[in-house]
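What follows is a pair of complexes built around chain A, which joins chain B in one and chain C in the other.
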Partner chain A sequence: MSKINEELLYFDVGDLFAELNEYILEQKAEGKKVIAFLSHEFLPVELIEAAGAVPLPLIFAGDEDKMTAGGDLLNPNVCSYARSILGYFKENAEYGNYRFLSKVDGVISTNFCTSNILIPEAIIKNFGNHGRDEEIRNFEFFMPYLQRPKHILYYKEQLDQLYKNLLEFTGNSHNPQDFKDTIVKYTKFKQTLVDLYKHEISGVDQLKIIQKALLFGPNYIDLKSIEDVPKRDFKKVNNKVILSGCAPFIGDNIVELIEEGGGNVVYNNTWIGNLIEYSIIDTNKINGSINIKEQVINALGENFRNHSASSHCIPNFQDYYVKELYKISERVGTKAVINLIIKFCDEIGMERQDIKDKAADLGLKMLNLEKDYSQEIMGQLRTRIEAFIEML
Partner chain B sequence: MSYMADDLVSFKSLMSLAVEFLNRRAKLARMKLREHKVLIGTIFPPVEMIFAGGAYPVFPIRMERFGDDPFLKVLDLASSTLGWRNVVNFLSFARRFDSKDIIGYIMDNIISKINKEYNFMYDLAEEEGITTDSCYGIKAVYGMLAHKGKNLDGIFNYTIRCSAWEKMYEANQKFTKGFWVDVPLRKTEKGRQMLLDDLYRFSEDLEKLTGKPITNNSLREISQITNECKEYSMKIIHEIALGDTYPCKPTTLAEFLSLIEIAFEDYLSDAKLLLKILKGMYNEMKERINKTEYAVDVSKMPKVLLTPRFGGWDSETHNFVASYGGRMIYADWEIIGMFEKIKTTGDMFENYADYLMETVSLFGVNNDEHTDRILNFVVNNNVDAVIYNQLFGCHSLTTGYPLLKQKLLREEIPSTMINFNKIGENLQQTKTRVEALMELI
Partner chain C sequence: MIIVGIDIGSLSTKVALVIDGELKDYIIDRSTYRFKEVGHELFDKVLQRNDLRIEDIDRIISTGYGRHTIDLAQDQVTEITAHARGVQYFFPKVRSIIDIGGQDSKVIIISQKTGKVIDFQMNDKCAAGTGRFLEVMANALEVKISNFGDLALKAIKPETISSMCTVFAESEVISLFAKGAAKENIAMGLHIAIAKRVGGMAKRLHAQPPLVFCGGVAKNPAVKKALEEVLGFEINVPKDPQITGALGAALIAYDKMKDKA
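Showing the complex of A and B:
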């Protein structure tokens, strides 16, 4: 088992990758399987760990080279994030900069969005045999789009099947007590992350904490030292902003740009932020030691049913999403929302204008900010953000 | 210039199909306003539930006015009062005296009229605020519904692997009500139950609108008809388009195939009529193949498959292929599983659920499965080359070319990829790529 790390922040992305390389190599040395996946709120990472594997969320932003490399393997119109993930694998294959990726044993493909199907497939097709003893294994986890009762049953069936497949892959068997302990541990861990916005920490630092915590998980990160993280100076930046939409992945400097432009990201309503809330298992609903797995899956089903504001869900995502933003705005005291859209994102990008119009109807001021990971657009982004902040 | 006009005057089935497609607007308006029929929008061929529920499927673009050619109106009138055989005789006769080739002009423009409307819908969607990054298919459908969606009683939305498609349907709800059916990507017990539950709900929703319940018999009856439609389309593809003798020039046959595919999007709101047209078309083709004055030997012309096309494609491509001595094959509905038959014994709701799951599965849950479908079609039918139609803005269904290319190379089948953004755009690049491909064959 790795040592518990009290360093919640990281200095730069290079350091983080170096630490991740070390961590994954340690886990592999212990004989564990590494399961990679594109992160979203409906894929419970707890099940991966409960099956005895190491969850590796692929939550990395890219750059021009990575986007191009990914585009060559699929299509240049696939979202910048998804293409970048392929780019990381390609660079790893060619130069070994991201050694942890060569340790991936399995990937989970989901239908959260199309990229969640295509990227795992492209990883296996293009890098599945690269310097490995065994080909990377694909685990399919397909969710419904609607949230009617029969759809929840289907979602639960898929959760159960995923867990069984992971257990079969790791060679472990289900242990109710260990399973319960893992769930309780993650619930506490995630709840601390969800409550992070209540601490007066800058948006940049909050994001770094969440990114690192999601990447390494509760076995490695000790969130007790949150209190030691320096507080933000509200005198310097007082234009509160909610960040929503696509996630600011590791290496994406969008929150820095907002805060340098005079904004103050007080709430991060993304997958790498407070949407984690919808993946928290309510441990109050888990009683005794019988049928723990079924109870957990039922709780996850409830989460799915209750999260109509997820960009995956239909048919009224727009309405729920905007209402959710309104509630958040009341809670944190700002009407300003930056809706981050990663270039070619279906889920957030497709309905951007309707979302903005509906947000305006509720008195929210929304900036739809579309970006990829190229450096060329930085100047333009900065100008748009500054103009938006000045209007507040 | 299309070669279509020369052949068309003696092809009453194609005339019928073209007129039914282009002049359906007035009929749809009458159905809606005078007869108070229930019109349900559809984009993909599974329409059986709608018919069985006493409603009428409508591919929304068919509510548009396709120009004001007086000749089309005359043709429509003549077809209803004189009968098709007389119309054909009339057209043959009229053409001899028509130095301006008005018949050729009209028929040559059938596809271009449709294309023009598609492009109009594309522009309209952008004006209505849909993201410019969306693919052509999404913009076209969005535009169609923005323009005429209010005339529909709803639209049948069933989920596929493309998340942008799902979001497009969601956004369309401001134009018309959505009837949602969630189809699982893989066949599982709970997935099937979920789908069945959605189908029952859809059935109840339709009954509220039409007053007619969907019964096992009504669903069976329409499924038997649509199965037959699929069968005749498959015969036209396999016995005619993939054969060595054509009943017409290759570009005309390509236009046949593309019109048939469009017709399948709503079965022309009249499945019996479509079946009659397809039967007639198949029989006419067979007859002409046996007549030396019509038969065209295409055995030496390489067969080129253009796919995927259902999200938008440029019909000029088949002219490019023809100009280099090839013949174009269109078979998207078959490749993506839409021509699978619906089982007609036992519980029809369950059969229909199985059919929908099969189509979604054959669509290709991932690129490997999708490109396997293309490869199998190519190999099994001795297709000589493939043009892969990659849509700008497509994040899902046209992302498979790198994988397909590898698979085709293993079979020593040449291929190329063309970029499609909008009809009429990028033609020079398309021509260059087609030329390079044809030189390889």
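Showing the complex of A and C:
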């Protein structure tokens, strides 16, 4: 593997949090508002920055303590990720590792999945005015469940309203040129992340680059050095694996386990991975300097309509999801898929067997790997992963 | 070629001696909490009673839950791949395997064409559907685990056990016992419960006969009977169902060395 600019990586999650604390404090010192959200491909982070706020994606995996702490506030059988995020807020202290959470001014609640609805509500209810001057503001952003024209129209209205609400909250006004610059900057940034898999970078490092890039954004992270990393020859990689399903959040060691077990994650088809592609705004569709905002919202509407495998807006999405995986498998030259299921995830978890059966019909070998963030399951996870790699 | 396979399970450690692809000797004992030491002791015993020295061994390979703990081994393989190979030694045409050990249970599907593992599933992080479940229940009924299956086979009308959680099932057993239910009927109810759990996993993977049942729990005739009823076909049990992991690991090492030679 080629040498990667170390600034794009992180070696310890604690160090990453320390860096994030510093970054958020600097942004706050400049008078900016911090907007937290649970990331997925339908929530355009560009709009948050274009409105003059600091986007803070809550993309952190948890541990036993955080899951338990979150379970006390919600329910022990809500997804492990949702419980963990609340656990972070509960553990947040003025001088602790997660003190950036005490700087959150607003949260965006979406209806992507049950957790996306529950977490913002629970954050506001339990921590909304905890040690803050002002209560955390809730921004509702609801996405339609279908892709017909009237649903796309509704989605675009929601985007427009979200942007207006954010502008009103930050006290900024819409500046078409700044808006366009932000969109162009993010498009380039996201495209580099989406193309990471084409370079000679291990799955573990790719994931770390993506996680850090999403956390800090293009104003802080310069991805230019990626271009110097040679392109990968997929034919020369052994035991290639596609990772799919739930996102491997910061601190989740799933990709490390796969690569320690002898596999190579060559494609990461998750929200913290190549699904970013669905959120890239096609800047070729933005012309001139008039109605930039409308053009961007139209482009986002197109993205929503063109999403070919979303569990959110495609009824019986399993068929499309598996077809998409098949296309990826042809591109990277492997039939092996590890489908990550975060315990109690209602989006991916409930359809696991159907997805696996449909994948098998297309010749894909799929391991449904269900996990939470506890340490005690590590031995069993290793066995499952190693056995799957032995099968290849 | 002389190969030793060591299977370090959560409850028992198994060592198999394979010479030129044939099982020559094996030994089984409790793992206790000293995985590494027990592995060494059993390895030494097998060597001693076969007049072998460590220098005579061409390859040592480990498998099982504690496969990474034993420093003797030059290679490791998961128990899933190892059981598949070990079972094929006794039943070459096997298509599906159910392995129920001390702390986990698994279903393994084998390709008819290639003889390789094509799918598998393991139980979740919980004692339901494992040997530990039966051990706890045998204790609750004050029956020796070695007699538990025979007792269950005497049942006339098995009780229904609705909880699969080991803790709740234990309470259910005590409550049934207090209501005057016969021990053998409760025992069979528990065996049916475990068979439904593991059988369900097998059905999800579309397990087909010939199916071989291995692992320590396969010594229990009542689990075998209950599994046959759940699955709707007869299942096979090797003469010593605990040894397939260690044997399979040794055979995998043998196959690799033979290919290289």
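Note that in this section the second predicted complex is superposed on the first by the 371 of 392 C-alpha atoms of A that agree within 3 Å, B and C clash if a C-alpha of one lies under 4 Å from a C-alpha of the other, contacts with A are read in each partner's own complex, and residues count from 1 in each chain.
As a working rule, contacts are C-beta pairs under 8 Å (C-beta built on N, C-alpha and C of every residue); 3 or more make two chains touch, one makes a residue touch a chain.
Please read all numbers here as calculations on a predicted model, not as lab measurements.
Set against each other, chain B and chain C touch different numbers of residues in chain A, with B touching more.
In the superposition on chain A, A:75 makes contact with chain B only, while chain C stays out of contact range.
Within the superposed three-chain model, A:379 lies in touch with chain C and out of touch with chain B [touch as defined at top].
Of the two partner chains, chain B is the only one touched by A:148; chain C is not. Look at A:353: by the touch rule set out above, it reaches both chain B and chain C.
By the touch criterion defined above, A:390 lies against chain C but remains apart from chain B after alignment on the C-alpha atoms of chain A. When the two complexes are superposed on chain A, the residues of chain A that touch both chain B and chain C are 353.
Only residues 353, 365, 370, 374, 376-377, 379-380, 383-384, 386-387, 390-391 of chain A touch chain C when the two sit together in their complex. By the touch criterion given at the top, residues 129-131, 133-135, 138, 157, 159, 161-164, 166-171, 173-174, 178, 180, 182, 184-186, 188-191, 193-194, 197-198, 365-368, 390-396, 398-399, 401-403 of chain B touch chain A in their complex. Taken together, the chain C residues at the contact with chain A in this complex read 65, 77-81, 104, 116-120, 122, 124-125, 204. Contact residues on chain A toward chain B in their complex (touch as defined above): 72-75, 77-79, 109, 111-115, 117-118, 121-122, 125, 140, 142, 144-146, 148-151, 153-154, 156-158, 161, 312, 314-318, 343-344, 346-347, 349-354.
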